[in-house]
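Shared chain: chain A. Partners: chain B in the first complex, chain C in the second.
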Partner chain A sequence: MANIAAKRIKREIIEVVKGEEGVLKLELVNNAWTDLLGEIAGPPDTPYEGGLFKLEIKIPETYPFNPPKVRFITKVWHPNVSSVTGAICLDILKDQWAAALTLRTVLLSIQALLASAEPNDPQDAVVARQYIENEPLFELTARHWTNVYANGPTVVWEFNQKVQTLLEMGVDEHNARVALSTYNWDVEGATEQIFS
Partner chain B sequence: MSADSDMEYSDNDGDEYDYYGEIDDCDMETVDQSKTDPEYFLFSCLRVEEVEKLLNESIELLSNNLQITPSLAKVILHAYEWNAQEIINRYKENANEVLIFSRVKPCVPTAPGTSTRTHCAVCANMPPLQSFSALTCGHSFCNDCWSMHFEVQIMQGVSNTIQCMAQECEVRAPEDFVLSHVTKPSLRERYQQFMFKDHVKSHPQLRFCPGPNCQWIFRAWVRQGPRRVECKGCELLTCFSCGAPHHAPTDCATIRLWLTKCADDSETVNYISANTKDCPKCQICIEKNGGCNHMQCGSCRHDFCWVCLGDWKCHGSEYYECSRYKEDPNLASDSQHAQAREALKKYLHYYERWENHARSLKLEEQTLASLKSRINQKVMAGEGTWIDWQYLWDSAKLLKRCRYTLQYTYPFAYYMDNGPRKELFEYQQAQLEAEIENLSWKVERAETTDRGDLENQMDIAEKRRTTLLKDFLDIHINNASSSKI
Partner chain C sequence: MDHNKTKNASEGIAPMGITTLNETVLSNQPESRYECPVCLNWLRDPVITTCGHKFCKSCITSWLKNSGHCPIDNINLSMKVDIFPDNYTKREIQEQRMSCPFAAKGCAVKVTPLDLDAHISTCEYNQPESSTQPNIEIPCSFVAVGCKETFDNQEDANSHLHNDVLSHMSLLMNAYSKIKIDNDMSNMDAKAQEALLWDAPDKDGNQSTTPPINDVNPLIRALYERVVVLEQRNREQDIVIANISKQLSAFAVAKMKQNNDMLLRYCMGHYIWKVDNFRARLDAMLKDHNKMLYSPGFYTSPNGYRFCVRLNISPQNPKYFALLVHLMKTENDDYLDWPFNGRISFAMINQYDPEYTQRDTMMSDSTLVAFRKPTTEICLRGFGYSEYAVVDDIMRNGFVKNDVLIVKVETRFPLSCDHRCAEAGKRIKPTNLVFQTLTSAPRPSRQMHGTNVNTSWTFKMAVLSQLIGFANRFSRAPC
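Up next, the complex of A and B:
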């Protein structure tokens, strides 16, 4: 690992720890400065409120001249985040990256993305479609995911029950949730898709 | 007729006459090809040094006129597609606008020295003040960081579009600034090579020959419709307008559709899951980073869709069309299935013929080689001279040319609407097919220097080919409106 990258990372961890937001966390996964774990709090007044979201951060050899690779570890239901891989569609992680940007800015930008979805520039087409066609259902689904995967406070009993129904048919829990979310919580549609 | 309007740009050095590599000993009268050849197109084939000279002329013109460094002139020329005269005019009207458009200057002036900067925001070091530098935007970073930044960018193939390191700053680093921070000779050389390539790519009068490892560069003045250029080095026929293999009578948009379709249908799965694709605008290879379908090319900054390679701008509301298309086959009802089967049948019909001519053309290379040795043997055995057998050689060349045109009639026909025009087209196509099969048979069996019969056949075949092109090659319509660059 290049000297400059290590030095930057050290400073960036301190910057986040000192930061007064109290909504960000950044720590090393190993001693090599290449893998970090980030954590952001779901922004208030959003379906992600109260949840804690973990992020995998990989630092390339050429950091900070190339962007870090960041994806959600915690499963998220959001138009700009892949519900499957956690990949994030965010310009500063691609071509709008600038060497002067920091991981703190990156984490804050991801947090801001949770608060303001860009359904016209989607990462996950299924989620984006739901967002556009049925926003209340999207919100409830996102809240449910936040509850199940990110320790959010809102329990959606109806959705839990539907997942349970599929569990009893022998479907894996996460697959059941994805299928139900995709089919707007229509048990029949989800079942059909899983068993076809 | 189409070619006439091209002639105004002509300096007619006769070089361009040798399109298909016909043997050069032209004792015979030179025919005005612009009259007889519907594909006639004026162009030249230049060496790297000649193009460098050409570019330098523009750079010098601009830097003298505007009293700016050649490095800045390059940034501006690149942004304005090398239209020096337009730049000079606009500069006189509003110099600031030109500088901002070219990203020589930031669009909003940077707030002057918000802090007495002691540490570099990129590396967190605190080097002495004199080892900081900045572009016109005033974003100051230490020289070590600039060097690293440039090294990383150059290694990724970026040259003209390297930007400032500050967040949301799009000011571009001119050549002299970059080179003052890059010392490694290999890296400097790489940078200048990329720079040259980028200049050629951004210049509307220039196009690299796409032949493998080929160094030649085409120059022409019209960039619209199918425009045949032939490389002096590798003899490849290319369309100057779009860079695809020359494709008359099919137009540029159609051939792109067709070639994409062929690639898609052969290996649909492979194609979609592949991790690299070429930028649809500048053709640089781009690796998919993560799962995001909104791609931006690091080199030309073109935004496009990974799935359909279309412009991202039209994906805002239409994204769902883009993804739904791939999903549809599963939902299709029976009658749609039948339709799909029908569509596939139609496609295969044209594809098989297209593919067959492509294969034949490759074989034709071998035919030419064996024909050459056959003629040599005859000449050695005293059966006439090369001049006597010349007609045979010419006819083989003609055969190749006809096959080439025929190959590209299939995508044309595939996308044509049904009706009398298509019927006429397919009639002419069939005529040409028949004629070249005749010719092919005769060439392979020619045993005498008696040229009469074969020459007659050649004449008919070439007439059929040019008729088809004259009737269906649409470039003369565009010629009037095509911009003179």
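Up next, the complex of A and C:
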């Protein structure tokens, strides 16, 4: 790893640690300063409120001249985050990256992205469609995912029961949740999709 | 005064902490106006942009290689016209003097911020861990082979290394022999290791950490799985083999049939009829006179006439065999000349003494229905002897060997009409003429209706006289 990258990461970690308490977290995964684990809190007044979302951060050797690679480890139901891989569609992680940006600003930007989805430039087309066609259902689904995967406070009993129904058919829990979310919580549609 | 200054300086740094590496780094944290936004370090050869931001020269150069914008406010920047050296800031930074973070340990060095990192890495008070983190114990460097000693500082560790050479040697020896045994085991169990590869879930956990001897259970499981796989394959192969042999035998049957067909088509009118299982067939015929034996159809030439031979108990006289030929339909009938003109020879082979073989030759008779173009698969009327040989003589006098009767039939064809007459006049001996008074027996249907043979009286007489001669010949037979 280039000297400048390692040096910068050291400083950036300190910057985050010293920064807003309880909102952002950043940990080293290895000693080479290339793999980090980030954590952001779901922004208030959003379906993600109360959840803690883990992020995988990989620092390229050419950092900070190239952006870090960031994806969600925690499953998130959001139009600009892949519900499958956790990949994030955010301009500053791609062509709008600037060397003056830091991991702290990146994490804050992702937090802001959770608060303001951009369904017209989606990473996950299924989620984006739901967001556009049925926003209340999208919010409830996102809240449910936050509850299940990010320790969010809102328990959606109806959804839990529907997942349980599929579980009893022998479907893997996450697959069941994805299928149900995809089919707007229509158990029949989800079942058909899983068993076809 | 000097003394005070030093004290103040060290106090200024000390609160930032010098106990952890992170804080060592932090201790060199520049003020934001001296910080490069790209490397987050002290500005080195600072430059200032037209949009008013300062960077290290190398940082902004690297950034602008791939991007044409300011890293901070995204304004378009050109390396040539928008970047100027900021010598004012450069001087300010160089005038700064920072104490070494190890000042508390006794380092009195003061350097410019730019040189501080270089100094820290070479500072004699920057003893790895021990000086900054006295609570952390140093493990012996032989910890990998099992030395459990730990020390508070490097000197103790060094003296341990010097003093305990012998125990380290024996630890090394033990580790070596363990590796050797493991290695031997793994060599010996090459197959087992290979089998282990089948056992995907256990592979990671067991292969490296546990010696092979503890892998018996997964090994057995792997072997068992392999056995199952091989059995399955074996079963599949068996099915394949069964299918192939089925195909083979079908092929062999087809081949044999083809061979027989070839023989019949290319025998050029010389057909040898081997009637096997003759005793049983004869018994069946004696029991039921309606039963008859038909030979397969044979061709006088590949595209010529087709005949078959018929052998049955004579309907007139059950003591006699009737032997006749029947014309059969062929695909070439339309191109052949009708009625059939030619000579037909029978020879019933004496298998013990060829001299007693019974030979008879007949000329076709163009007036008979038997020689006209057949209208049924086998022409209803046959041509030959209604009383050919005495049944008992056939059985007794050497014509049946190994339960097989052999009848040879020769047809001579073609002869053009004129040519045939001339030939017939020349070749056929007067004695043979007697055989030309032959029957034209209708081919009895298999249900055996209308088997009556239209033989005239003279006809019968001629046959009788012939048969007497035949019987005489039999009586001379040696066996």
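What we mean here is this: the second predicted complex is superposed on the first by the 195 of 196 C-alpha atoms of A that agree within 3 Å, B and C clash if a C-alpha of one lies under 4 Å from a C-alpha of the other, contacts with A are read in each partner's own complex, and residues count from 1 in each chain.
Everything that follows uses one rule, which is that a residue touches a chain if its C-beta (ideal position, glycine included) is under 8 Å from a C-beta of that chain, and two chains touch if they have at least 3 such contacts.
Predicted model only: the values in this text are computed from it and were never measured.
*Asks:* Determine, for the superposed model, which of the two partners chain B and chain C contacts more residues of chain A.
*Replies:* Between chain B and chain C, B touches the greater number of residues in chain A.
*Asks:* Mind working out whether A:108 is in touch with chain B, chain C, both or neither, as first, second, both or neither?
*Replies:* neither
*Asks:* Would you check which partner chain A:137 touches, where first means chain B only, second means chain C only, and both and neither mean what they say?
*Replies:* neither
*Asks:* A:4 in the overlay: touching chain B, chain C, both, or neither? Say first, second, both or neither.
*Replies:* So A:4 meets both chain B and chain C here.
*Asks:* Which partner chains sit in contact with A:52 here, chain B, chain C, both or neither? Use first/second/both/neither.
*Replies:* The answer is neither, since A:52 touches no partner chain.
*Asks:* Does the superposition put A:28 against chain B (first), chain C (second), both, or neither?
*Replies:* After superposition on chain A, A:28 lies in contact with neither partner.
*Asks:* So in the superposed three-chain picture, is A:99 touching just chain B, just chain C, both, or none of them (first/second/both/neither)?
*Replies:* both
*Asks:* Using the superposition on chain A described above, determine whether A:37 touches chain B (first), chain C (second), both, or neither.
*Replies:* Neither partner.
*Asks:* Which partner does A:187 contact after superposing on A: first (chain B), second (chain C), both, neither?
*Replies:* Neither chain B nor chain C is touched by A:187.
*Asks:* A:65 in the overlay: touching chain B, chain C, both, or neither? Say first, second, both or neither.
*Replies:* A:65: touches chain B and chain C.
*Asks:* Need the overlap of the two footprints on chain A, from chain B and from chain C, as residue ranges.
*Replies:* Correct list for chain A: 4, 7-8, 11, 64-66, 96, 98-101.
*Asks:* Contact residues on chain A for chain C in the complex?
*Replies:* 4, 7-8, 10-14, 64-66, 96, 98-102
*Asks:* Residue numbers of chain B touching chain A in their complex, please.
*Replies:* 121-125, 139, 141, 144-145, 148-149, 151-153, 163-169, 289-294, 296, 298, 301, 315-317, 319-320, 323
*Asks:* Inside the complex, what are the residues of chain A that reach chain B?
*Replies:* Those in contact with chain B are residues 4, 7-8, 11, 62, 64-66, 69, 71, 82, 84-85, 87-89, 91-96, 98-101, 105, 120-123, 125, 128-129.
*Asks:* Along chain C, where are the residues that touch chain A in the complex?
*Replies:* The contact residues of chain C facing chain A are 22, 25-26, 29, 37-41, 59, 62-63, 65-67, 69-72, 74.
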